[in-house]
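One chain, subunit A, links the two complexes that follow: it is found with subunit B in the first and with subunit C in the second.
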Partner chain A sequence: MASIIAESTTQTPRAPRPQRPNYAKLHAKPLPLETYPLPAFLPQNPLSILRIAYALISSYISNSSSHPAPHTHRAYYSAATRSVHVTDDISVRALWESGFFGKGSLSRSEPEWLEREKKRLGLVRDKAGETSAEITRKRREERREGKRERARLEREELEAQLRKEGKLTATESPLVTEQEHQIAASAGDAASDATFDGRSATIIDPLAAKEAEYAILQNQEHLQLIPYEAFFLSYALGILDVYDPASGQRLGSRDLLKLFRHTSVFPPLPANRAPPVDDPFILNYVVYHHFRSLGWVVRPGVKFSVDLLLYNRGPVFSHAEFAVLVVPDYSSGLWRSDERLQKIATTKKKEEWWWLHAANRVQGQVKKTLVLAYVEVPPPEEAHAASEDIGALLKRYRVKEVIIRRWTANRNR
Partner chain B sequence: MADATEDLIRAPLNSTSASPSPLHATQNSTNNASDSDSEAGDSDTAPDYVNFLSTLNLETSTNLQHTSSALPKRGNKDFEPHPTNLQTSSLQRSRDAMTQALSHTRTHAPKVHVRGIYDDKSGLTRVGKVKGQMFRSLGRDISGGGADLYAEEALWGLERGALDVFWPKDAPKAQALDGADATDSDAYEECTGLPMSLQAAYAAYVGGPGGLTSEKYVVYAGLKRAGFVVLRAQGFHGIQRRRLLQSAEDQRFPSPGLWAWLRELIFEENQHQKTKRLAIGPLVKPGLYRNYNSIYDMLRIIPAYTPPSSTSTSHASPAPSSTRPTSTAQKQKLNNEEVPKDYETYHTSYTTTYNIYRASPTFRKSAPGAPDFRVCVISARDTSVPTLAELDSLLDEQPQDPPPPQLQPQTPSASRPDNSARGGGRGGRGAGRGRGNGIGGVYNRLKHGQRNVLLAVVDEGVVSYMRVCEAGFTEERLNERVGPPPARGGKGGGQRGGRGGRGRGRGGRGS
Partner chain C sequence: MAHSSRDTVLPIPIFLSGGKHFIFSVAHASFLRAEYRIAGVLTGTLPQSPQQNVFLGLPLQLMAEEARLLVRRGVCFVVDDAAAHREGLRRLCGPDGEEERLQWLATLREMGLDAARARDAVSKSRMERALGKMETGRREQALRSLAARQQAETRQATPSEADSEDTLFPAYEQATPSPPSAPKPMSVSDDPNPLGVTPTTSHPPLPLPFPDDTATLPPAPPSYPLFAYLHSHPGSNYFSSPGLRFGCQYLVYPGDPLRFHSHFLAVGYDWDEEFDLLSLIGGGRLGTGVKKGFLIGGTEPGKAEEFAGHGDGEEGVRCFCIEWGGM
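Moving on to the complex of A and B:
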């Protein structure tokens, strides 16, 4: 995919893109936590020790913390969407910019609806920095144009051949109607795309309504966090407080884990039932946490038919290199210790080969590498014993990564 | 993917029709270069018989030995039928070519006519006298110039028309000759009975006493046709394995090590505090942190498998002088396997079926050396995606195959200190600009993995090969890579460097 686009950029001259924001500066922090590095000690400059001392003392006096001050980010759990919503603008920016958590509810990934809307209404003059949605729309438009052109060339070639064989007179051109039909259809597509992206077809005269619009234009967008992202921010980093919208109470880590595990299956489990050892939430969270703790930026990978995508530094810098499928595994020695457990293990669904082939084929097309993240699931009793201690529970699950790539004999001779 | 359609503007469309497209004949030469999908081999498309026929004619007109080295090229495809005479005629030409190719009479050249006798007890085929190049990599020599062929080897020879197999006419006599010193190969050949038809050969060999299954034969024939030397491996018939009833697998997950313990003792919180921190979170307790690495260290709680080469992280065995142990160490480990009492045995097909060697003029079947690839043949209908235990046992059979030195990060000083605890994790120190530095080096090391094996998944005759390797993700800690990598050119991503991208990802340090 990427190389094809690159090909088109090199072949068709295009106006230079407006300068983009400085992503390296914008996304300098890998996690939404502040760090206070000490100045380096320079042996040739003994006075530099004073700078270190100053940094130490000032951080002690000012009582600065790596965690967001004065309070942590707030979010609430939405049962309808089974996601966690962050509405505060500062929190949204902080969570997106440092670590790429969540997704704008009205955007493809980065929450940029407001910016897009302002541009659409002509409220901002400068054209600098297109949003990713705009880039995508343009690219799709170009691609559609290319397809149209290809179809036209093919038809012309065919007509020329038919004329040569005397099956068509020099003037008639029966295939053009089809072409026109196609253009009309794709134009319709483009129009529907535009309204979808614009999201407010009701405004009839934007010029007249501009002033009023400016006053009432509010950010309609919030940041959606997948449960495992929210749990990571809350339990692991301790920078997100998730509230229950019904009671208005803050959910502690244990409550949150219970809520997420119970609602990760459909229909949601009743509150008095213990969740299964291998519910989707805990499996995904274990793998998510594992790769996050190794420094990867982990994003959901549903559009590439996988569970997670691994980015180096983040999606604005480069494409994801690895696509992760989470595979629960019940083959460890623990599941063989008695017959009852063995019986349970045999009832677990085993994935078929074509499922793996299908996922792997997609990765080949999008130039990613498939990683199978096996999660060794502990037996139920063991997991249940540790249900109150989240750390102990997570430590019962073990991860092993295996990379799968297609191999062709012809290319390895 | 819909995104891939753009280069189709220049390239012709794919279709299932095997007839070459007359309309796109002129574009044929240009589109091969723009075939960007490196994953999809050209093995998926149907053969073009017109081109095939031309090579066949060449073959029959000259000597059989001098087959043309160039493979037949495939033509372009027409996407849909249209009422041109050109298409009709080319389609007809292609059909004629196919009929002609299939009706071609295959004969044995007298000089290389090899006869073998099928043994219905062992499933082997005994060849009295070997002739021709084929036997350089086929069969096991017996004294007197003969050879024994395994079922798949005999079937392959038969399919190629290089071997004539006979039913045993006088089995006792043949066996008597078998038991005696079978130097008299002519007498041996007198014991032969009726020639075996191809149908009979398939019936006798596949599922016969030789242990050949259709899956294994399909893989064997496919690899042979691709030019590899394929030899049976130890686990051709599947394998009896032992496994522990109770889990003693904790040793695979290294414990933190002495240094970590000391550090915890002196600098960090006590055990009680730590347990409490883990129990309800947050793992990163509120406070002041000087760098992100210390934060990531606190986050690292999920036990993860480390590939066996990285013994340096385990405190049980002291780190060797080189962080990557040699393959002999691994062999020793396999040989010194001890069998405690609480083991059970089970049969599995997850074991190496064939050893594969690239064709080489110096290959000797008596001393094949280390194989280039090892393949495990799996039936897609009988098995599902392997469990970790199955995969582990398969990988345990494989030798160590760490990433080559040029993929390792180049440290400024040539010798790495012994106590650098994390093997190859410190790419991109900014000093060297080797292939291993930078994120491309990390990707390539991960993709190469440690131990690896090929899985040939056969679904009713259709083979999908997959390379499975253990990825050392725990070895490559991205947060420890110092500073942002160079925005351009730093990808160095070997096989697919310069992946273009949509532009957004590039030049992140523009302003």
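Moving on to the complex of A and C:
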């Protein structure tokens, strides 16, 4: 065994791993906020409380040069995509690096289109850092190749078995040849891809290079924020100003909440109608706010068929540990107090058992733990009474988490 | 197939008990499996190991969809088990059932007698075997003791050794003072006390239920058209089983589930039903992850009216198969 390991290590000298960026330093701040310590309070020196009061009051009146006011980022609401767009490069980097908000519109998650493009055009010389999209592409290609190889082996085995059973003469081998045709065809595709890349490179490389650099390399990408992310940044952190592109007006927290709630259902509700107490936006926002407050990095989890994913520090550090499904809960005492409310609660759509099994099994495949976040929904009257004050409205919703795990008596000993 | 279609009397009773449909006969279960692609789920455990959850036995539980399909085909009819029992017992205990009851009691006594005779036969054969063994043992022992005595005579050995060897089987010596040449035949009385028999079936003593023409079709969930389409649409002919394990409504097999892996995870929707996009993603991921297709289907409105009255809702069903590409 030891000799085999030694052999394999000597046979394949590993290429030196490219240096990764220092993520711990890059993403040191958990939220895009600057925080400054207050002067120390010394119990034996009661006058120190005056220093604290002075620091608080002076920061309230005007910010000193060493403690600048928090940078507010500009964003605008896009009705077509029902998302909030941030186009300023500094804001995009700030929102991504501290807190992992949003997603690049031309990238898988981190906005890195520009880097990718520079690398593709050969404008960046060092090959050190690969973007995550490139790593993913490479990994997928390897996996595809592996699958092809496995299929070929399986076919060969099948053919050998058929030959042994005498169902196939020694000379003919329909399965493998067919497979090999496929490989040849795919190789042809790859070749054509390569020529395309080469052609584009030859266009860029000579004298037109500088021109192309300016013409093409405007950053075409923006950061997309999901409504609940934008609302969290705007309402809870107060560092995002969302503008309506049509009127150019800044949307206040209350306007923003109304807009997001009305457009979270399809078709969007008319402006004069009050949104339902359990519209998708408010349910998702309550859970998002809940987990953000507890220090998790929360990102949408559509690709794992859940509502939210919880990362411990962020997606660049580790995979998401938990997958959250938001489930409205109408079983609080107030819903049961009234017959009419009871009737409303019973007509709500309930998911079936197989649905839960499906959700759980998907998480099992990707080694995540499924969390059901039950949101206790307040009855309509109560919610409407509190709809003027956002804080009071959010207080009416409560979140309970339940972890679901598949437990088999035979396997989990 | 042990139970061909000739042996089975149609229609077959399906017993509805506690809202679930059961088949209690092996012949019926295998007939439905072989002829009508209805596999069902075996749900019975042994009384000694109620916690077992693999290798289950009868009764066979059918999905409501399966029961509906079979009733519609006229292969089966549904019997309300509780009502049938009550009715049958009332008749049996009343004056009408006097003769039948006595006959049944006589049958029970006969069964008890048979059981007692069988028990006696077993104990008798066991005793014979034991006696035979003892006899050979005794013969060997006698030979050995004879040899030992001869040795003692020649070598002047101490008598205690021989004694101890002699009394190896003192109890046996006491029990059978005279060696029997052949095992004495056990006296079996012709009429032993009958054993108490607890009947394990309801039919008999109750008469087999007969189909009721006025009975309505068993109700089935809204995904029934998809089930019927996959089961019996020309060209599909799939086996379906409940899909709870895989997070879907039906697991669809291209042949007998004992021979094939399932090909699809099927979920039935109404044509205009709104469902969460997440369920589509989840189903696609799940299906592709276990090398199956995630299949959704529903009845297209215009098509259903076109075929109205011809089928049982399986006409006009369209299916779509979804695969997760990003793996």
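In the analysis below, the second predicted complex is superposed on the first by the 318 of 413 C-alpha atoms of A that agree within 3 Å, B and C clash if a C-alpha of one lies under 4 Å from a C-alpha of the other, contacts with A are read in each partner's own complex, and residues count from 1 in each chain.
Note that in this section a residue touches a chain if its C-beta (ideal position, glycine included) is under 8 Å from a C-beta of that chain, and two chains touch if they have at least 3 such contacts.
Because the structure is predicted, anything quoted here is derived from the model rather than measured.
On the superposed subunit A, the two partners subunit B and subunit C do not both fit; they clash.
Touch criterion met: A:Q365 reaches subunit B and subunit C at once.
After overlaying the two complexes on the shared chain, residue contacts for A:K303 are found with subunit C alone; subunit B is out of touch. In the superposition on chain A, A:W355 makes contact with both subunit B and subunit C. Judged by the document's definition of touching, subunit A residues 353-357, 360, 362, 365 lie at the interface with subunit B and also at the interface with subunit C. On the side of subunit C, the complex with subunit A involves touching residues 243-249, 267, 277-279, 281-283, 285-286, 289, 326. If you check the complex, the residues on subunit A that touch subunit C are 302-307, 353-362, 365. By the touch criterion given at the top, residues 1-9, 17, 19-24, 29-31, 33-38, 59, 64-67, 132, 135, 139, 143, 146-147, 149-150, 154, 157-158, 161-162, 165, 167, 234-239, 252-254, 286, 289-296, 312-313, 315-319, 321-322, 327, 329-334, 336-337, 350-357, 360, 362, 364-367, 369, 371-372, 374, 376, 388-392, 394-395, 397-413 of subunit A touch subunit B in their complex. Residues of subunit B that touch subunit A in their complex: 1-9, 22-23, 34, 36-43, 82-86, 222-223, 226-228, 243-249, 253, 275, 277-292, 295-296, 299-305, 344, 358-359, 373, 378, 380, 383-385, 387-391, 439, 442-443, 446-447, 449, 454, 457, 459, 464-471, 473-474, 476-481, 484-485, 487, 491, 496, 498-505, 507-511.
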